[in-house]
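The structure that follows is given in the form of structure tokens.
Just so it is clear, A, B, C, D, E and F label the chains in written order, and each chain counts residues from 1 on its own.
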Amino acid sequence: MNWSEFFNMGGYAFYVWTSYGLFILVIVANIISPMMQRKKVISHIKRTIRRENIGQAKRRHQS
Amino acid sequence: MLEAQSLECVRDDRLLFSGLSFSVSDAEVMQIEGHNGSGKTSLLRIICGLRQPEAGQVMWQGESIKSNRESYYENMVYIGHLPCIKADLTVLENVRSLLDTRSLALANSIIETALENVGLASYEDVQGKALSSGQRRRILLAFLELAQAKLWILDEPLTALDVQGVDLMESMILDHRQAGGSVIFTTHHGMQLDCEMRSVHLGHSNYQE
Amino acid sequence: MLEAQSLECVRDDRLLFSGLSFSVSDAEVMQIEGHNGSGKTSLLRIICGLRQPEAGQVMWQGESIKSNRESYYENMVYIGHLPCIKADLTVLENVRSLLDTRSLALANSIIETALENVGLASYEDVQGKALSSGQRRRILLAFLELAQAKLWILDEPLTALDVQGVDLMESMILDHRQAGGSVIFTTHHGMQLDCEMRSVHLGHSNYQE
Amino acid sequence: MLKAYYYLLFRDLRLALRNRHELANPLIFFVLVVTLFPLAVTPTPETLQTMAPGVIWVSALLAVLLSLDRLFKQDYEDGSLDQLMLSPNPLVILVLAKVTAHWLLTGLPLVIIAPLLGLFMSLPMEAVIVLIYSLLLGTPVLSLIGAIGVSLTVAVNRGGVLLSLIILPLYIPILIFGANAVDVAMAGLPVSGQLLFLGAVLALSVSLAPLATSVALRITASR
Amino acid sequence: MLKAYYYLLFRDLRLALRNRHELANPLIFFVLVVTLFPLAVTPTPETLQTMAPGVIWVSALLAVLLSLDRLFKQDYEDGSLDQLMLSPNPLVILVLAKVTAHWLLTGLPLVIIAPLLGLFMSLPMEAVIVLIYSLLLGTPVLSLIGAIGVSLTVAVNRGGVLLSLIILPLYIPILIFGANAVDVAMAGLPVSGQLLFLGAVLALSVSLAPLATSVALRITASR
Amino acid sequence: MWHWIQRFSSPKHFYTMSVPLIKWFTVGALLIGLYGLYLGLFVAPTDYQQGESYRIIFIHVPAAWMSLFVYMVMAASAGIGIIWQIRLADMVAAASAPIGASFAFLALVTGSLWGKPMWGAYWVWDARLTSELILLFLYLGYMALQSAIEDQRSADKASGLLAIVGVVNIPIIHYSVEWWNTLHQGATVTKFDKPSIHVDMLIPLLLMAVAFKLFYAAIVLIRARNEALYRDRNRRWVRELIEQL
């Protein structure tokens, strides 16, 4: 078996390789998306902390 | 400035008022009085042009508001019973979209200052649905302050406001008067204003002419 | 009678209160105080069992209201910010359908008397949508009077009421207390009650454990 | 408890009867959607006949779906739902009352008008009868399951289409069996299997759906 | 004036983007309804193909119909509509902005996803292309006419189905021509006539519908 | 026992405890998956009926199984969350949905890519296909509801309830559609009869299935950790943790 035969998949290359490609895509998306999610969560929390600090400062300033 | 000419209002089968005339000029504050259901809200909506009176008309600077709509609406702002708050927009965006209806594109910093003045500092990014009833009303106060209108028409502006909120509203009205603006408002909860105030009383009348 | 045990409430990212404990016994009137957004409405809804607190629990006659729901709800009535008025039902039907939720089948004449007491005489057959904001609230007063509950939980009951309406509310609370009932309420507009009154103040706190 | 059921049922019926036109609305929607298809497809009588059971069932399903927000949404928004949840009566009973009212106002009229539409789309008589049975068993399930969906989305701002996303997958078995029963009847085969299935689902959902709905209400309506 | 148009347009878009899921909803509804039919009808591929244009068009129409209350209802209920009507800018412009936003959020996604569904229902390629064109011309009309209906029913309590009663008859010509164009394309015949008609209706309604809508708003929203 | 469960299921504890688990699951998934792919692509013989196109099986079938499995896990943990008020279970449920949806999507697309050479059409309205599509919609509904409800606790409980109600639906959909189809069209669909599959095909298939499960385990833990951070964002342990970052 040589490589070009392998990639040809007996004439079904499009179907087989699209499937495997999508498989890789789904795996990668599943890995990346929680990483992005984590970043978003952390920055959200940091933002709230900052906002709370500002809010407290302002409130102290007012009273 | 604003003149109501023998207005008549009928709701369902009840005649609320008829032959009601008054006028409001610059730097004047006027309270519409009357018990529950006497027609204050209806009157204010007629003055705004949101409702057609059964008879009579409303004049703005000598012209009927129907023919003069654009210039009237540029100079008038109305705040009614309803909060006009979009649940999905943040506080800042809510104020902005209210201002958009008046084509006012103000800088964020100006809006933020206004929000601070009405006690919503640090709430800029909170969504409308996460606000308490008083906080919703305070957004309207910020809008009012920024709307650059000469005539304010306020329907129970004190609803849901706490003590500081009431103070704030009062001082806003006084400042506005000082600057030559005029105010028409209703309220059931004593508004303490250190200024002359005229009032129109809506009572019971029963027949329609 | 009612006991709140170290309640904690978080909304969005804000801790509104924690470790809040108090109790209300027979013939007691209690006001929940606090500025706009301090969590009064949230607290009242927790007390009603409409909302789960983050921590703590509410006890009714020694039992948690979760396990004791039926007897609690038989003895309690809650009136919130919202009017609960069906636009398509008449005033009479509105009161009746509110009473139905409590399985109270009262005679029409009794309901009509109550409506008269709250100033809605001759409005029995008017549909909900044709009422002014104050008239809507008055329907709730009639319901309150007829609900035969020991504990009243009222969130800003004075909203939209005119001067007579406020007087009416005050005297209703006093009468209820006289009869051994208890009341928990919030209001921003001075309620003048000629009786002892306890109060809980909600302020600011910041971290959650 | 039974009293509470009747009170609420009658309140909802009265409320609907107050606006006559509203009463007719799901019905009219149903009829309109069914008539849209022949207009859009330009069919031969045979294709019309093949399509008929499916089209009628889909339209019935959509009519119910669209009328679902009548169930709790209004009550949530004006605060009446709070009062219902604060009722000393078990919430399940109250939910059942509301669902009954909903079915009487939506499902039942559809069942009554459907035969007419069936004939209009040249269904044979036996198929029409099965159509009635299948709708009679199926539409209450639509109301019951719909109630779960509505209670889950009651606090969501513009939940209309979210509701359909949640509910349609749950409706699909009913649709398939209902439409299939008519199909099969048209082919002259026995339909007891499909109708039994619909009956079983009805029994199951009468006993479980109100429970799920009341749990969902306590969860979502907390504000 | 143009500024007012853009402001409002962007506000509505932002409002929709705030809830991503909501953005997808009419789309999902569309897809779901289209899938309901093959499930209910048990088709052979040929009947599926004959049904396809009609089913897709009817579903698109229903998806638009259901999303219409996004247009003014919310604004009416929370009082924002009052503020819009008190704007110094002409109401027509504002209405046009809202309708544009509605189409961008509802019609356009449908146009984009429809080809996929066409292929699912085994439509030939030429028919799919005509489907795209017909939807591209037709869906804006649906939004524009829908706006008139919504503004007429905005003050009606539960106007959902009343709305469909008012609007569906007005939608029928669009539906017939739209679906017919695809049908004809499937048969390999020229479709310019149908498309021209749709284009003409679009031009007409762009110029007249916003006017009618704003008049209707001034009448109905008086409270 | 109860006490132990409560302790381990505290988000704070879970946050630290899950790290080694994630590592092991990832390594396992990687090794087994690569070996399975190797066997599937290079070792497994050509199918005498379908030619090479059958190699899609090593993606399609594990993905389809995954989508069902994940739904069951999701519904089960949602149930645990509702009944025993264990917050970690809610987080696992919420974390599962997007993963399950992505695999349902994968199964659908690979299936239809396989369908074109086998049946001559990308899509037919057959039992399996329809039920898988509905499964995808159930996932989407779960996620939409989860994101539509603002209050986190009600969002968890409400969407959890939906997941549970959906479970009742899965077998119904499955059998109903099959029944419906066989009555009319007969089996137009080529299906493998279960036992007759070559061992050299079966082994990589099973390996891939195991690898998929391990992958799911790793990702769901990672996601659940994020959910834990977000849900406890106002608690001290998260605040301290964030401040250290």
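A few remarks follow.
Criterion: a contact is a pair of C-beta atoms (placed from the backbone, for glycine too) under 8 Å apart; a residue touches a chain by one contact, two chains touch by 3 or more.
Predicted model only: the values in this text are computed from it and were never measured.
Among the remaining chains, the Cα-based centre furthest from that of chain B is the centre of F. Its C-alpha atoms fitted onto chain C, chain B is found rotated by 180°, rounded in steps of 5. Interface of chain D with chain E: the two copies contact each other largely through the same residue positions, with over half of all numbers used appearing on both sides. Two chain pairs, C-D and B-D, are weighed by contacting C-beta pairs, with C-D ahead.
Chain centres here are Cα averages; for chain A and chain C they lie 48 Å apart. Once the centre of each chain is set as its mean CA position, chain D and chain E turn out to be 25 Å apart. Per-chain Cα centroids separate chain B from chain F by 56 Å.
Look at where the CA atoms of chain A average out and do the same for chain D: the two points lie 40 Å apart. Residues of chain D in contact with at least two other chains: 19, 74, 157, 162, 165, 168-169, 172, 176, 180, 183, 222.
Chain C has residues 13, 52, 81, 88 in contact with two or more other chains.
Annotation for chain F: residues 130, 137, 140, 144, 148, 150, 177, 180, 184, 233, 239 touch two or more other chains. Interface of chain E with chain D (complex): residues 19, 21-22, 25-26, 28-29, 32-33, 36-37, 39-43, 47, 50-51, 53-55, 57-58, 61-62, 66-67, 69-70, 74, 157-158, 160-162, 164-165, 168-169, 172, 175-176, 179-180, 183.
Residues 145, 148, 152-153, 155-157, 159, 162, 165-166, 168-170, 172-173, 176-177, 180, 183-184, 193, 197, 201, 212, 215-216, 219-220, 222 of chain D touch chain F in their complex. By the touch rule above, chain C contacts chain F in their complex via residues 10, 13, 15, 52, 207-209. Here chain A touches chain F in the complex through residues 6, 9-12, 15-16, 18-20, 22-23, 26-27, 29-31, 33-34, 37-38, 41-42, 44-46, 48-49, going by the rule given at the top. Partner chain C is touched in their complex by these residues of chain D: 3-4, 7-8, 11, 14-15, 18-19, 74, 77-80, 82-89, 94, 221-223.
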